[in-house]
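In the two assemblies presented below, chain A is common to both, partnered first by chain B and then by chain C.
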Partner chain A sequence: MITFALTFAMGCFATGLLLCLFRVIRGPGISDRILALDTMVVNAIALLVLYGMRSGTQIYFESAVLIAMLGFVSTVAYARFVLRGNIIE
Partner chain B sequence: MSLFLIVLLPFAGALLPGLLIRAGRNVCAATTGAVTATALLGLIVNAPAVMRGQSLTARLDWLPALGLNANFHLDGLGLLFAGLILGIGLLIILYARFYLSREDPMGRFYTFLLLFQGAMVGIVLSDNILLLLVFWELTSLSSFLLIGYWSHLPESRQGARMALTVTGTGGLAMIAGMLILGNLADSYDLSVILTRKETIQASSLYPLALVLILAGCFTKSAQFPFHFWLPHAMAAPTPVSAYLHSATMVKAGLFLMARLWPVLSGTPEWFYIVATTGLVTMVLGALIALFKDDLKALLAFSTVSHLGLITMLLGFGTKGAAVAAVFHIINHASFKAALFMTAGIIDHETHTRDAQRLGGLRRLMPVTFAIATITALSMAGLPFLNGFLSKEMMLEEAAHTAWLGNPWLVPALATAGALLSVAYSLRYLVHVFLGPERDDYPTRPHDPGFGMWAAPALLVVPVIVIGIYPAVAEALVNTTATAVIGQDPHVHLKIWHGLTPALFLSVVAVAGGALLLSVQRPLARLWDSTPRPEAKTMFDAAIAGLAGLGNRVTDGLHNGAITRYAAIFMVTVVAVGWHAYGGGALGAETRALSQISPVAWIGWAVLVIATLGLIRYHRNRLRALVLMGVIGLIVSISFNYLSAPDLALTQLSVEVVTIILLLLALNFLPEITPPETPPLRRMRDMTIAAAAGLGAGGLIYLLMTRDFVFGTISDFHLTRSYKGGGGDNVVNVILVDFRGYDTFGEITVLGIAAIVIYAVTEALLDSPVRRRLLHRQPGHALAGDAHPMMMVIGTRVLMPIALMVAAYIFLRGHNQPGGGFIAGLVASIALVMQYMASGFAWASERQRYPYHGIIAAGVLLATATGVGSWLADRPFLTSNFGYFRIPPLKEFELATAMGFDAGVFLVVVGAVMLALESISRMARRQDNEVSPYPMDIDPARETTPAKET
Partner chain C sequence: MDFAGEILVVVALTAGGIFGLVGSLGLLKLDNPMARLHAPTKASTLGVGSVLVASVLYAAFFGGRASVHEILIMIFLFMTAPVSANFIAKAHLHRHVKGQDLPPAEPDSHWAHVGDDGDEDGPENG
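Moving on to the complex of A and B:
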């Protein structure tokens, strides 16, 4: 059962990735793209965790933690760039 | 004194004059003189042994694998030359003390002079031809400094450049020739080479080696057609001219011809190349000298002529001629150095050295006149002076030499050379000292002080003594000639040989020369009106042509467009890859493709679509950056999926840093990249890029579907990782241990790169470009809050967590995924967050250690770790490890590699932060308010500061 659930969840998140990619490419605005990228990062974390559960190893959790901890920094940087131009002022 | 010491003394002493000039000019000159005198004394101590027929050797293996040994050897030839170099050098030092004016930096002069002296002594004492080449190039370099000493004068700089170009080019040819010679003789030691005459001359490479070596000798000794640099080198101060062109630099070529005479001479090639060149140079140089009004130019061309004479004698290849050559080297050095000094005295006292403006100086400058008369008559070859003796020997040898079966050609031309020599020597006296006194000298001429005429007066002594009583020079000539021809010639030098053909030719030369001088003025007008090839213009044109060609090639390859570099690189790689693919055999597929899960398919699709999107939208820079973020994310996940957690962690953190760096740069760049190349070229570039990308992908596919022909090195690393490096994480053990030295190099490069970024942005800080960029109006309104509270609080909370994660990743790196590099990136992101949240000024105020220092500390720590293994008698960067137990903790492992990894950590943190800080500093403005608060709006504060606009 858990295998099925994991596979189903992974399929959903992977589809999510694809759909976000559509937003990244189509826009229309820059904020849509940045938001879509951020969502992709969240989806990637989910995929890594699910994949780790399925393979029964912890090694992927660390990558997931690292993405969770650092991934938002690029989103913030994009946002600052759009709002202020200079990201370190 | 040891030969090493004799050679090293001038080099070591070269440090002194530059320092002691502060103690005054006399101290400076005296010290320089003391250095040279000590070396000369050391040489003289060894002289008796050499005169007895022994030769001294000092050996030191320097790079024996290359055949390069620091062997020195003192025989008759070396003794003569070293004696001339040091002896005349001593006189030059004395003369220069009084010649140089107060404005001339004397310390520098003596430093250059000693460097040059050391290089010359090195040449003449070397027993290894590779070592000799080193000193040979050193003379080219140090003479460049000496000739260009008056660097404020354009002629001086041009003359120095010309001398360096010509002698340097010849030196390059000589390197090739010497390498061939060394190969033929199977040794680079002169003492061995000199015994291998038959082997060398029998080889088919002998002519090539001969021509290349002679190219070096001829350029150095200013032989036709390379003679043109010497007159231009006269722009140097007169002491330099007197030193370089009488006893030293130009004699280096002659020395080498004499040194290699036993091996290279005796063949028709040697005779026709060397004797002919010498003969042509002798006549041509003498002819030009006759028509030069500048006294130093006259002496320069007379030097060319006399060098030609000696070259010709060496070229004859007979033992008698070699003895005559050696004798003339001694005589020429003595009278020519003195003559150059008199020219310098005349220039110094009358402020002109133009023969047209001089005349009648005999009463005004009697001492100079006396010195000049004796030495010039010696140069002319009149009896009872030393020039006469060697000129007679030269004519005697010439009279017996046939050229292509023609018995009178060489004697006739030699006599013509001697005749011209008489003419210009007498002209030096007649046009300068005789004739009526004039009233239009630039200044009132008078004899200089004793200090200035002492040196040339001393040189007159050998001119007269050898001239009257030649037997005094016999021992020296015989010893030197023994070293050249390999046996004692037992020459008896005497003035009267009877009514020989040489005497007859000599009489013809003197009479003809005097006659020629009487018609010099009309001839000079004719000479000036005939067009002649001007060496300087030809040289300049050649150099300009070469420089132009160099520029075209360089500009063609480096036009500043990265597309061109990439195109050249890619086309080469594709071509080479295609060639290799076509030339090798491809085995059958041995590995089946593995199953791909649907999720992996989707990841692949996202990667491909994002890449295509990036290509499609790459002109919109921000959009391209967002798409790059997508690609980076998928790549990181792929690394995880393909079981490379180390790479995944690195990729993740590098992505974040890259995005921040690019966003900082984008702030200064336009939003859209305009197309700059025509569509056709874009198509071409696209084709190249596609070929390279698809080619690389195809090759990888072919590789991965087959088993490797050779076993992989993974097993090697897997089995040794724990035993050798004490770690389970092979990736980390490779980085800090197996390939630790590579990592050591890499972190150094990383640190240098960061410091270069700092330097470049530092230079841009004051540039008008930056000012323009800072004053442009943003395309859209900016949000008001520069340091929003949400972000400040969030990053503050996250910082200790991120640093803890970094520490964790660092500590476990040796056995599990992680290590200094990833930890460094994570730590720098934690710091950058603070810069972003609270601003540059606020954050850098709280940054206690400069990032440069952190980089340096990292490199030093890594070095110290590496050096530490020396203490245990192990090679650099050998790691050691052990297990420790501190009571409340469990047992843990400590490896020395951890120190090294800490160095990596520090360098990464320093480099990333320095780069980011440097670029963000560009956007700083003077009028930026530095807020004392971490955030602009803080509900805890009573009043809010004025918001930035």
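Moving on to the complex of A and C:
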């Protein structure tokens, strides 16, 4: 039963990744693109955790932590670049 | 006991998947940028949170170990999601909304994306 639920959740998050990709490509404003990239990071973390549950190893959680940190830093850097025209002043 | 654990994990996984999908669907379907900001920052964060809860429960019930990594990821995500949403909203206001269209700020105060002097370009642009 857990295997079915895992497959369902992975399908949901994979569909979410595709929808975010559509918003990255189409998205009328630059803030939509930043937001869609941020959501893609969140969905990728969820997919990694689900894959780690399925394969039964701990190593995927380490990469999920790394992606969470890098995703936050890159979102802030991107938004700051749009806001100020510079990242580190 | 095992069956109860299975039920808990399945419920958390299903709720997580649905919340994640709703967040991304809202990002696709809502029709203005400030409305689009709502869906992923709340629903997707909640979805990832319940997936991580499912992972903690799975490790506790079937792996026989207490898992700390998921708690770390959860704390980090729940702390950073509002901050990045605030940054994205500021970037949107800076790019697409004119200063005179904003509602007035508090007296002796100003909107955070506008500089101290009320200048729309920010205090030290470039």
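As a working rule, the second predicted complex is superposed on the first by the 89 of 89 C-alpha atoms of A that agree within 3 Å, B and C clash if a C-alpha of one lies under 4 Å from a C-alpha of the other, contacts with A are read in each partner's own complex, and residues count from 1 in each chain.
The rule is short, and it goes like this: contacts are C-beta pairs under 8 Å (C-beta built on N, C-alpha and C of every residue); 3 or more make two chains touch, one makes a residue touch a chain.
All values derive from a computational prediction rather than experimental measurement.
Touch criterion met: A:11 reaches chain B and chain C at once.
After overlaying the two complexes on the shared chain, residue contacts for A:66 are found with chain B alone; chain C is out of touch. In the superposed pair of complexes, A:58 makes contact with chain C only, with no contact to chain B. In the superposition on chain A, A:76 makes contact with both chain B and chain C. Look at A:19: by the touch rule set out above, it reaches chain C but stays clear of chain B.
Of the two partner chains, both chain B and chain C are touched by A:86. In the superposed pair of complexes, A:30 makes contact with chain B and with chain C alike.
With the contact threshold set out at the top, residues 10-11, 15, 17, 30, 34, 62, 65, 69, 76, 80, 82-86, 89 of chain A are in contact with chain B in one structure and with chain C in the other. Only residues 1-2, 4-6, 8-13, 15-17, 19-20, 22-23, 28-32, 34-36, 38-39, 42-43, 45-46, 49-50, 52-53, 56, 58, 61-62, 64-65, 68-69, 72, 75-76, 79-80, 82-86, 89 of chain A touch chain C when the two sit together in their complex. On the chain B side of its complex with chain A, the touching residues are 598-599, 602-603, 605-606, 609-610, 613, 617, 622-623, 625-627, 629-630, 633-634, 636-637, 640-641, 645, 648-649, 652-653, 655-656, 659-660, 663-664, 666-667, 778, 782-783, 786, 791, 798, 801-802, 805, 817, 826, 829, 832-833, 835-836, 839-840, 916, 920, 923, 928. Listed in rising order, the residues of chain A touching chain B in the complex are 10-11, 14-15, 17-18, 21, 24-25, 27, 30, 33-34, 37, 40-41, 44, 47-48, 51, 59-60, 62-63, 65-67, 69-71, 73-74, 76-78, 80-89. For chain C in complex with chain A, the touching residues are 6, 9-10, 13-14, 16-18, 20-21, 23-25, 27-28, 33, 36-37, 40, 44-45, 47-48, 51-52, 54-55, 58, 63, 67, 69-70, 72-73, 76-77, 80-81, 83-84, 87-92, 94-96, 113, 122, 124-126.
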